[in-house]
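The structure that follows is given in the form of structure tokens.
Should a chain be cited, it is by its letter among A, B, C and D, assigned in written order, with residues numbered from 1 in that chain.
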Amino acid sequence: MDRNKEFDLGTGRVEALADGIFAFSMTLLVLAIDIPEKIPKADANQALLQHLINLTPQLLVYTMAFIVLGSFWMGHQKHFQCIKRVDGTLLWNNILGLMFVALLPFTTNLAGDYGDYQMGILPMEINLLLLGMFFYGEWSYIISHPELLKKEIDAWTATRGKEKNATIIVVSMIAIGLSFFIPAWSTTLYISIPFIHMSGRYRSPK
Amino acid sequence: MDRNKEFDLGTGRVEALADGIFAFSMTLLVLAIDIPEKIPKADANQALLQHLINLTPQLLVYTMAFIVLGSFWMGHQKHFQCIKRVDGTLLWNNILGLMFVALLPFTTNLAGDYGDYQMGILPMEINLLLLGMFFYGEWSYIISHPELLKKEIDAWTATRGKEKNATIIVVSMIAIGLSFFIPAWSTTLYISIPFIHMSGRYRSPK
Amino acid sequence: MDRNKEFDLGTGRVEALADGIFAFSMTLLVLAIDIPEKIPKADANQALLQHLINLTPQLLVYTMAFIVLGSFWMGHQKHFQCIKRVDGTLLWNNILGLMFVALLPFTTNLAGDYGDYQMGILPMEINLLLLGMFFYGEWSYIISHPELLKKEIDAWTATRGKEKNATIIVVSMIAIGLSFFIPAWSTTLYISIPFIHMSGRYRSPK
Amino acid sequence: MDRNKEFDLGTGRVEALADGIFAFSMTLLVLAIDIPEKIPKADANQALLQHLINLTPQLLVYTMAFIVLGSFWMGHQKHFQCIKRVDGTLLWNNILGLMFVALLPFTTNLAGDYGDYQMGILPMEINLLLLGMFFYGEWSYIISHPELLKKEIDAWTATRGKEKNATIIVVSMIAIGLSFFIPAWSTTLYISIPFIHMSGRYRSPK
């Protein structure tokens, strides 16, 4: 038996673990939205309405984080469409990347509660920066290990994947910079992430 | 490589993410049911019985939300049985639809705690309305993009799927209207959703 | 297109949803085990040890519930090994059965906190009774609808599956009866459930 | 029908349940990281920064537990790559092993909160010891039941899997011994687990 071949794994279970962690993290984000404490019966409607209005920043952060995680999931899916098999390095890079996916419900919860303060949103921004860096690393790795790539995927496609994550790193760094001056607004930059992920359609230059 | 073909994805991982988010959201609904605070030993049986009786509205809302999510999951399953492959628009529509699936444990929790007040149940009713609208949009999109459909699925079947979600939208709107007058009873309308999903059996007219 | 055939579904996604709900419910059971409140630094070791000793009933209930859910999952797996395709009735029976799977983390949590009182453990015992009844119903249904069965599965195998769930119903009923006299000990009967599930090995009589 | 063959199961759904429980347990670890209680607006930045600094032990424990669970998941994946089919013993061993996977979010949470006390970290260390023992048992079992093994996997590969888990057991026992003297530092030994899992690459001696 070929010693290298044996350690290389199919992608099926890595994708299953990743889908599970993405799906669960995306669902856990909802715990960041607070249920009001026991409200007295008199004026309950008024108090509930006020509570819902106060939830606006939490709902915005939930929406933003769900869409950003959805974007990264799409990127992960495209990534694994290019990959024929995984080796140990790729597997560990994946597990570490998923660690920052699973951390996002915590940092998002913090940002939902303390969105007006730099220390409330900085953890989420650093979290997203690290996510971008891990996926950038994954694309770089498979570009330098073409034996892991499916034959029909050319290097140009993989390079596009790397470039997109480079853009995400730049966006995250600008957001971190802005957080020193306008913390509450710096997260609006992440609206660009789904568009970055969708852009270019990974098409071959022909 | 065909640039359009490359971006189109198989449906396997979208279904895996959707099954994950549906399964977790359905299981997270249980967190809406309160465990009693530390009850003193004297008369614990009596106090627990009273607590369980007080849980009735939470258990009813749990049952209703579980069955409604189960119905939407069945609709999602049928939807993807018609689809051969997904494009970017369908993928994003799906992720946004799943965002409202994952939000339902929050709005259901609110409805379980404050079911007697319009502001307690309105968020859940709007949530279900938006779910119906997203799935309506999905069916509309694949009807106008027959290249995504499996050949053996005729347009009539897809039109039925669209019509069912139109009915869900109408039911949700009536429930929202009723919530202004009889909030506690307006949710009973959702009992119809499983029957709407089951009706007609998607059969071809021959 | 055959109108009946169209609504019948493969078993893949039903199994995926069931595996998700079983896995998530089994993992959520852990939330029933309490983390100690902030303990002062002096004598922290002693206080933690005392807390861990006090957790014994919660750990026992966790172990019991995990193994019972694992047994039901094994039963579900065997059930679907016999099934070729699902129809609407089977799908709904499944969703309702999974509703009681997802409810178990709540009733188990209650039993862990109030295991000495009948009202603390009765909800869990009724929950397990209903689980047994739903799976009994599923086996009964496929026995009377042999067109859903795989050809290689004879009726004898399916009858064994039904009989096992009948035994679980009887065990649950005895446990409920005992809970009126010895609540804390009535749950020990559930130790028999894994053995019931394992017994007989579903073998054909030849 | 062969009575033995019938009970033996394919590995698909066992892997699905395992992937689900691993994914959820890894994601639930994040709940061990505390969100600060309502912080007053004055000096919120300062208070948040202090809170984040205080979270350091929880973040370290989260990272450690995530990587250790990732290592065990990799071991599980390799284990099932060797297995052609499962029997009842293997299935139950798996369910019991997964019970200790699902328990880790609790013991990790305890270690994150009370990492300076032996009674705070001992439960996690015993948990990991038991995990190592169950996986050791699984490898031992398939070595003595070669009919469950895929033909192309030779006994040497399986023996390596058993040896690795024996090493994990030894590491856990040393950590437990150290916890009597230096509790806060005894967990650092677990850094070796990913390296143990990666080592040797399961290669055949040829």
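The rule is simple: a contact is a pair of C-beta atoms (placed from the backbone, for glycine too) under 8 Å apart; a residue touches a chain by one contact, two chains touch by 3 or more.
The model shown is predicted, which means the values in this text are computed figures rather than measured ones.
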* **Cα superposition angle of chain A on its copy chain B, in degrees to the nearest 5** => 90
* **Of all other chains, the one whose Cα centre sits farthest from chain A** => C
* **Residue-number overlap at the chain B/chain C interface, same or different (half cut)** => different
* **Whole-Å separation of chain centres (CA-atom averages), chain A against chain D** => 25
* How many angstrom between the C-alpha centroids of chain D and chain B? -> 35
* To do: Could you tell me which residues belong to chain D and also touch two or more other chains?
  => 16, 20, 23-24
* **Interface residues, chain D side, partner chain A - complex** => 15-16, 19-20, 22-24, 26-27, 29-30, 33, 35-36, 39, 44-45, 48-49, 52, 62-63, 66-67, 70, 73-74, 77-78, 81, 152, 154, 157, 194, 198, 201-204, 206
* Using the touch rule from the top, collect the residues of chain A that touch chain D in their complex. => 1, 3-4, 6-7, 9, 13, 16-17, 20-21, 24-25, 28, 88, 91-92, 95-96, 98-99, 102-103, 105-106, 109-110, 113-114, 116-120, 123
